[in-house]
């Protein structure tokens, strides 16, 4: 395997950054997230980043098209799509899986989302393995191998003081080629992955949930929820969006931005009808979506065990505990 | 599709000299929603207005922007204009391009034109969000309430009654008459107070349009202008007003003696009593606290002696509720509590008295039959000292304000002492002598020059007893030396203060009062008898220290306001008022205290939530009270309150339009 | 230039094409039908009966509406004024340029209905989606059996498509139209009463029922239909949810694992029974 | 199990068994040792889930808004700050005192969750910032008091009132530095509204940030809109913030929200006289009344 | 563009929220008296300074004004009795808050200008315009457009 000392990793990134836009996990203004590589970037390789890579492909706010509306007339103009390739370095297995989930949503089932596809098509994904799970991690419970990501162009391995690279796709091979001068070929054995603190047994959960729509468990689970969207906005798989406009006089821009099923306005209909009026309905929909509806539709869970929601929820809504409660119900 | 018409006025050359009006009109054509735009020499003139009306028809305009002078000038004009053109008058906005543009930027036509264009764009953005508004009306109950039966209340009641309206006068005491009834003579004419007051009292009592409700208090006031629902507590008189003939046998025979409030406790009355001989109604009440029957259950003399069986011990307080269109508050004043000035020895030395005591002492029907005698030993005083500004103009111990009447009544007292006791000496300690009023200064001059009262400018520092004399020690600040006067009697000119329960009544009705608890007029100059609560007016000393002529004048002024109101069947209400979106209102009530007009109440509404009927509180705006200031809209965090014609949406649209 | 459903998938499905309103029909005090063409007077796209279109006044918003009919050069949408966008739509005039994209959703199972007697039950604005299928059946009259329409509204003024109901449709061969209003009113000599009761009273014998209207009407009509021994997959209805993207991505119109914009809006009773009752 | 935990379990059980309330809201242990999230208990046997420890941060008063239309009574545990929140809700007329059973807990201060996470269970975990500045550690209103009245004496308030040193540090920056500082903070705001939803001062039925039809705020997440959100929210909770610090704790992006709120608290005290929110439920709010002698700076 | 850079031909745009009864009348009086001041202000008429929601002020900065003035009757003279006392409280706080987040104090100001104070209106407008002109365009709180 081709390796490089961790301390020398910036050389690799530096080299790639000459040709590509390189996004790396780094601490940026108080939060760890994927950040364009610069020399003074504060790399964050110890733990997974707080903000998942979702917003690289599906930004929180994205311009769709612009328009000019005056009296009876209307002009619509699309923005040109970018074509520069970008490399995203250091995506963990859980987040690689989340990109798989997002691909399902945005690229399959009759329609392809062109905004997502464009960014996805010009992204080269370098996955990075985990050896020491955080307290809140439970990716293995979701069937994810922390050392082997799905969909990567290159799989990078955390080897302690070194990083190993393995090309998976053709593009991956090309990239590795470009940095080969910096790498050393050597035999490596992958370090063992540490113990997981959190676990969830999802076996049979989607099926069991088919009969649990009216189960009293939802009253119980939902009571402490605040109906904020912290969980959804840090979730690597949550993908709901709203389409809104920003109008300044005659000129306007259609934007799409993240939305969340916890909000009242999300399903509120024009006449005032609200199909999911309260906490219970919304919390139930959220977890059914993750654990039943999404598997029904796309044959995979909409949770990757990254544990971000467990950490960030102000009232400790813990999906692993909810899965346990479902199992025990 | 909304169709805005824009009309740019040249105002002759007033605007056109500094603003390129044609260009502004041309620019406006490209603003969203503008269907027609033009300019004209004089928009407000008849041809200009016709131009607007014609354009409304020809171009199917449904809202109008006029860019001209200040809306404070011509908004009513153009509202009428578009109304006669078939539009709701509130579908008008004005851009002020004269006072705010051409007149202040005469030398930079380019930028003035640019500014005018922007002002028009803001107005267009706003008018697109204007809603038609309708003036509604509220009915007026043709009945007035006067609270307080002193000279101010009597005068107001008579004026209202003479104009043909029904008026109820509520008086707390058993008789009307108030403070003026206690006074002996009035300055500056020295005519007898009773002689001029009593006929008024009789007149008001006999007036077919006036109902006197004495020995009664206001319990509760609800509603708003035109429709005040007032609950009045008629205290139990224990005497059947219908049966009683006022013969007086009962109080002649009553065994319980009580110090008379009317006589400043210098004389006794009975437990069943009329406050003074000329009382109206001249029918007694039983003072239950001091009545032997009510205290011990034994006695009942009055009942036994009453020839008409009018005494009724079983009477109870009665609450009556009546609706009034307008209220005049004329509750009068109290006197400052002089005991604050320990150095004057009031209460300690019997011969230190107040002005009002003095009024009773010189009154022919008073405790001394009009002879000035010392309360302590009944001797005729030789040396009388008057001290002015007791409690007034003294921020530390008393009130900061000037009590206004004391200079004159002290001069009056001084004159009377000199007149009645030929060999007397009168000393007046004063800070200033203030005599603005017709004949007032002449009166004061007579007091000093003709009657020889000695005025000493200075404060009194101490009064102490020496034998049967009172030593008054002070300083003559003009001569800059201490003075000491050996006095037989000292009269304190105590300040007029607000009634002790003044704040309570103001809160009940809902208008404001100042830090001294005098009632606050709506405007110190231009609305001196109005309160901030529509339909509630002020008369007399409840608003601030006043003498009789001022009180009477204010009472008549208040009466005119009432008559003006009651002369209408209904009153139009301003449609630019706040409105509550009940779906949003959480009922927190934050809007209530910020409303200066008490126009916001909380009400309970019922609604269905998840198949269950629940009730919750929401704010509601009383359209009769709301004046459209919009304070509530900012107090409401969730924007459940919005001010019509100046809505959040409209103001945001204006801000946005400015920045395009 | 008409865009086919297939073409739409190759272009950006989230960006509307420019269209214009060529005709506006005031159906009831709060319902208007808008006829929409492309700028070069073509049909914006060719919808199947029951499919949806996303209509926008971009400065105000975008909304999903059922397409009530298609003409040679236009599509029609009947829209009730209930919110910000629909109120704004009610203010526009002929010639207004709008954004339009679609068609979306599954549409009615036209092939399944072929050769069958069809009962159409509609209430209020609920006739809007049904009308597209009625018009399709009329245009292809030979392919379908007997057509029966039972339609009700609160009052006479609230009846949509009056011209169809009283003039056009009654003249179609082998087609019955029954109209009812909730309460008696002056100038109405037709039937008075609620739709479910009227259906029971008429006792038609169709093979397929298309049912569309306010939830309360559906709730009370279903037992009647069940009494008539209908199979659940022969009762067909349409659902409404708040929608934003129209292409099954944005998430909000899900009912269970279905997206109404993509998998609906047409559902059989059989399908609905498998879905959570969150609509 | 701590003494207090035992007592709160006992009292909760008693309240449920006697039918004094239908539901008791307290805290239970969460996923990690440093989390004690809210627990809703309606069966006496479940009361054993309840705990009291140094991580019972959640301000339970906020949940009373969920029970506005609930017919029966609700019992909640309140620390000092929670009781201030309860008073605030009373002041906002959002709760009915008669329908709530308050069980007071004299609080000796909670520990900082984030520091606990990084220092581990054996670390010397400092108190949470809000607790170091707490002026009212004991409940101001309660029906029951854990540990009885004498427990109140044991819990002494912080000797000194908060010195606002953190606020002053920001005040001392230049305007551009301040703008930079806050822009960086709010650039990472997700507008998830956790701060609002957890805040007991936010009791509106419909928040203006949700009123898209009026368009107070755009849906887009950008610097400008996020700062509109921050400033508007700060003004809306001005004079109403009970310093429970929940907004800041709830924020997934660790934005120092209390640094804004404290600025307003400091200024209200300086401008309009000492005022602590949630002390007197009958009192007037700083922005709900005025004094004619307020400072005059606009002449 | 750096915060300090002033583009050519730039003119400050200043929004004045003026109460109808005092400041608006004061501005009218300035006009009647032909008191000149630079044409950079735009007056937005509100019934009372108490109607001015702080959100309007932030919105104005968002949309690109360079300065905001809230002006009303002197305390004690409010046409609506007490409106401006609330204004005073609200904007004393708001002013500090805006400064705290980095808005330069000159950008947001509040003044009492009565209907008789035409000259004062002129003087205030002159002063604010000059102050803001010296500072250059405001970019703080601005949305990207």
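Going in written order, the chains are labelled A, B, C, D and E, and every chain counts its residues from 1.
The working rule: a contact is a pair of C-beta atoms (placed from the backbone, for glycine too) under 8 Å apart; a residue touches a chain by one contact, two chains touch by 3 or more.
Fair warning: this is a prediction, and the values are worked out from it, not measured in the lab.
Enquirer: Using only Cα atoms to place each chain's centre, name the chain farthest from subunit A.
Expert: B
Enquirer: From the centre of subunit D, which chain's CA centre is farthest?
Expert: Max centre-to-centre separation from subunit D belongs to C.
Enquirer: If you average the CA atoms of subunit C and of subunit D, how far apart do the two points sit, in angstrom?
Expert: The separation of the two C-alpha centroids amounts to 50 Å.
Enquirer: Could you grab the centroid distance between subunit A and subunit C? Build each centroid from C-alpha atoms only and quote it in angstrom.
Expert: 38
Enquirer: Could you work out how far the Cα centre of subunit B sits from that of subunit D, in whole Å?
Expert: Those two chain centres are 45 Å apart.
Enquirer: For subunit B and subunit C, let me know how many angstrom lie between their CA-based centres, rounded off.
Expert: 66
Enquirer: Quick check on subunit E: which residues sit in contact with 2+ other chains?
Expert: Correct list: 54, 59, 63, 82, 86, 90.
Enquirer: Please set out, as single numbers or ranges, the residues of subunit C touching at least two other chains.
Expert: Only 84, 92-93, 96 qualify.
Enquirer: Could you tell me which residues belong to subunit A and also touch two or more other chains?
Expert: Correct list: 72, 242, 248.
Enquirer: Under the stated contact criterion, what part of subunit A meets subunit D in this complex?
Expert: 29-31, 50, 60-61, 135-136, 198, 220, 223-224, 226-230, 232-234, 242, 244, 246, 255, 257-258, 260, 263-265, 279, 310, 312, 314-316, 318, 320-321
Enquirer: Would you tell me which residues of subunit B are touching subunit C in their complex?
Expert: For this pair, the touching residues of subunit B are 1-2.
Enquirer: In the complex, go through subunit D and note every residue touching subunit B.
Expert: 68-69, 92-94, 203-208, 211, 214-216, 236, 284-285, 287-289
Enquirer: Could you list, by residue number, the parts of subunit B that touch subunit A in their complex?
Expert: Those in contact with subunit A are residues 1, 30, 32-33, 610, 656-657, 659-660.
Enquirer: Can you check the complex and tell me which residues of subunit C touch subunit B?
Expert: Subunit C residues touching subunit B: 91-93, 96.
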